[in-house]
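This report refers to the structure that appears directly beneath it.
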């Protein structure tokens, strides 16, 4: 059906791009989640007033286009002579971006654990940390997981913007091939399909877990 | 200073734009090739170090330099006064003539024929700035900047735009590939010659001095003509302007 | 011995406890009755230090609960508390619910904690529910599990805060029976309750709270038979 | 650490130009929301229609919109359609891309909102003699909008952020386009993009605030 | 006149109505009693065509409800129905709730619809709540509003499905009073109810449903005084 000049080599090139997408996503989601959990716990712990500066700071990452953040972050690291490779810069910005969203998820999830349940734990002589670890963490994880999966998918898609800094991820790899082979529709369709194949199973897993855990046993 | 740093580190890192044939592009194995790539290799050889090509999209050239990820830009960068406020430019190492390429269906045969049509160019380039000004002057038609040269030609061959002004080298290289059916170079654009320079940090006088001499040597030794023949072909553009020093 | 001395406590501008004095001896069962919002729950949460107090003192076995130096986590191990709302940990089975604190707080070995949990669950009649998740149990069963969970810490005192009031009428009996059993075993208990019959039956003394004041305290026969406080008279007339 | 001198003066001179760009950005975002909402409604109805073809179409749209990058969708709207000879101007391509994305996400929100409206509401409407369409329009839809209002607001903020992707299809009049052009001209990346970031942040906040106000006025119940 | 002739109806494999026959004359008040799940609600929703039936016929003023040719939207205008769950439209004020259908379905002018709405709301005692949103009202007020909303269409028949059973006991009275008033005004009504006293008082006839069968139907004095069906005897013993 398709008469294409695309070679297996080129497909490999695309898949390498997909690998870069996954690498950027993986690093950013891991670091962002870690930060998000820490910030989220801090926010719940010190209350909305004291956390206001943190909230404001994180809100910036949710109110400015990621593209602008990336370019700005890159310009900043260059001015500050940090000498980061584009991969590092991308991961740093994307991590903060992820953390901003993750903080909200974590905060909501912790708030959703009924205070009476936490009281019961403390009444048994558990310390704050034990309460957090054995009661809050497992319960909050169930609440947070579907949104967290949504966030992960979001970051994977948004990571396409790192092409702006010269990283050859999936979308950039497709553009390179489009430049050489001049078959935009075909190559872009493959690119879209790969994105779809990367995210669809995770999306389904999210839906499944949501269904499974929402009545909660 | 930086010159010493390069020599003692043993590598020269050049910022090169790789979707700008014939100056920089990728071959079928996706390895970097082009005039700028060779030029960087020559510079490295002169310094007695090995070259490292760092691919940078157009917008990434300066941040890469500022952050110290590259030492020198060999990236077809027009030496505008505006930019010289930010980075240090060498004397021109290459000069572009501007050519009009049009989609055959648009029926454009000259620069003037673009009046009232939809035209495009690579955002922020010398020719894009000049062309946008021209469209405004004509008072009709539309100008569209694209982020890469490749996108401009893609848009042109799809008929999204009717014509483009680009450096003649790029125009010829693209038409020659045969990748873009239905487009052809139809004439010269009466813009000033676009002189492009090597660039590095503004305050690195020692290095800038070296770069100036290197450009001079390339012309003197005939290497410039040789590279030009290899990648572009045809009349060798003059790198000097009569009546003034630089 | 729990000694409550002139305890005052406000939420914002609302004074909820207006100088409460009460001493509960080892082995004694004191029930607390009173209208909604009279401060009963607040008193209980002050006793185990979940809420700070504004003035006065609370001593448990001579340790001042709200003193800076007091290790509250340690103190709470000897005061079991069961709340009105069922507080099962929904992600753990019944057995795990009961084992958790002995293991993590007391540092018991798994087998020891399990033995203790099984013992207490058998005690409250849930021996056949060990592997069940709380959501699959009735409210009465969840409350009994909460009691077992508190007992598994081998507390010296137990506080009960209207443990039956969120239950369907037919489930109230099974929980009250469990409380009766504990009382008969000599546990020191403070029970906040609306079940007058129960209060009359098991209490050594009954305290009546009204608007943050302990308006009357007496043996049940006396308090129910010849209430002196006019508010208490009204309250008893309304509830029966 | 910094041997870079900021040229804020020069950058601020371009502020009027950038604010004009911000207006274009807002315009695209609002338009794309209007179109997106209309299509989202249509997709929701398709899904409810019971027709396999219509609901399949709706599901495909929604899955593609939600599972591929917005940048990809916009690029596709310009160069993908371009290879069929369908030529959208950068403005239209950007608008189409964002509206497509909005419609997909909003339709998914509507589905959730619809679930939150009990069946008995429709029943009550029908028993008063309303036709199915009347019951949907007069009873279900207004309530659905309330449930979906917060997600709609969020999507609006997203739409604003997405407009920045227009630079990839030759958009040069919106805020990101203007900024990028100024940057390419002078290489003063940090200054221009910092100003752009502030403006984007301000727009996003104003929109959020406006939405809160509207919600407060509209949903009195 | 509502004529129900040998109506059968199943949900999946569950037969909910097993051949019901019932004729309700103009001006008559029929109450329907019976255990949960006996098919009472289902019958009502079949009468105004919200649910299809499997066999049999339902005629309202001679029009067959489930015939293909019947314009159900038209037919429903003359059959008002009020459900157990309060079905106030939460996004509209009380007045707008009542005005909506007259305007949109009957095409009344705004002023006319408003006059009608005010009249009916006054009728059910809600004249002072016109601008209130349903969420600010008690369940009893919401039910009365639902009645006014149905009446505003000037229906010939009214169907009531346990309109008081989701209400707090102290609110039941006000809604029953409204029903009594309607009955005394000569409205033709079918009321499903658990309020035996009410049924006895207002009904011309009382029907007892059991497992999809109308086991007994008689005047209230007879049905309550001398129930014949053994299930009905059990049912009455349990409810009183």
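In this document, chain identifiers A, B, C, D and E correspond to the written order of the chains, with residue numbering beginning at 1 in each.
The working rule: contacts are C-beta pairs under 8 Å (C-beta built on N, C-alpha and C of every residue); 3 or more make two chains touch, one makes a residue touch a chain.
By chain, with names taken from UniProt: A, D = ABC transporter permease subunit; C, E = ATP-binding cassette domain-containing protein.
Owing to the predicted nature of the structure, the values given are computational and were not obtained by experimental measurement.
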Via touching chains, chain B connects to chain E in a minimum step count of 2
Min route length, chain touch network, chain D to chain E, equals 1
Label-sorted list of chains bordering both chain C and chain E is none
Computed over C-alpha atoms, the centroid farthest from that of chain D is that of chain C
Taking each chain's mean CA coordinate, chain A and chain B are separated, in whole Å, by 37
When centres are defined as mean Cα positions, the distance from chain A to chain D in whole Å is 20
Dist(centroid_CA(chain A), centroid_CA(chain E)) in Å evaluates to 54
Per the C-alpha centroid definition, the whole-Å distance linking chain B and chain C comes out as 82
Chain B touches at least 2 other chains through residues 59, 62-63, 66, 154, 158
Chain A residues touching 2+ other chains are 71, 74-75, 79-81, 178, 184
Residues in chain E with touches to at least two other chains are numbered none
Chains touch in the following pairs A-B, A-C, A-D, B-D, D-E
So, in the complex, the side of chain B touching chain A is made of residues 19, 26, 28-30, 55-57, 59-60, 62-69, 148, 150, 154, 157-158, 179-180
Contacts from chain A onto chain C in the complex sit at residues 114, 116-117, 119-127, 130, 134-135, 138-139, 142, 216-217
So, in the complex, the side of chain E touching chain D is made of residues 45, 48, 50, 73-74, 76-77, 79-81, 83, 85, 87, 89-92, 100-101, 104-106, 133-135, 146, 149-150, 153
Within their complex, chain A touches chain B through residues 9, 13, 71, 74-75, 77-86, 163-166, 175-176, 178-182, 184
Listed in rising order, the residues of chain D that touch chain A in the complex are 1-4, 63-64, 66-72, 75-76, 79-80, 82-84, 157, 160-165, 167, 176, 179, 183, 189-190, 193-194, 196-197, 200-201, 204-205
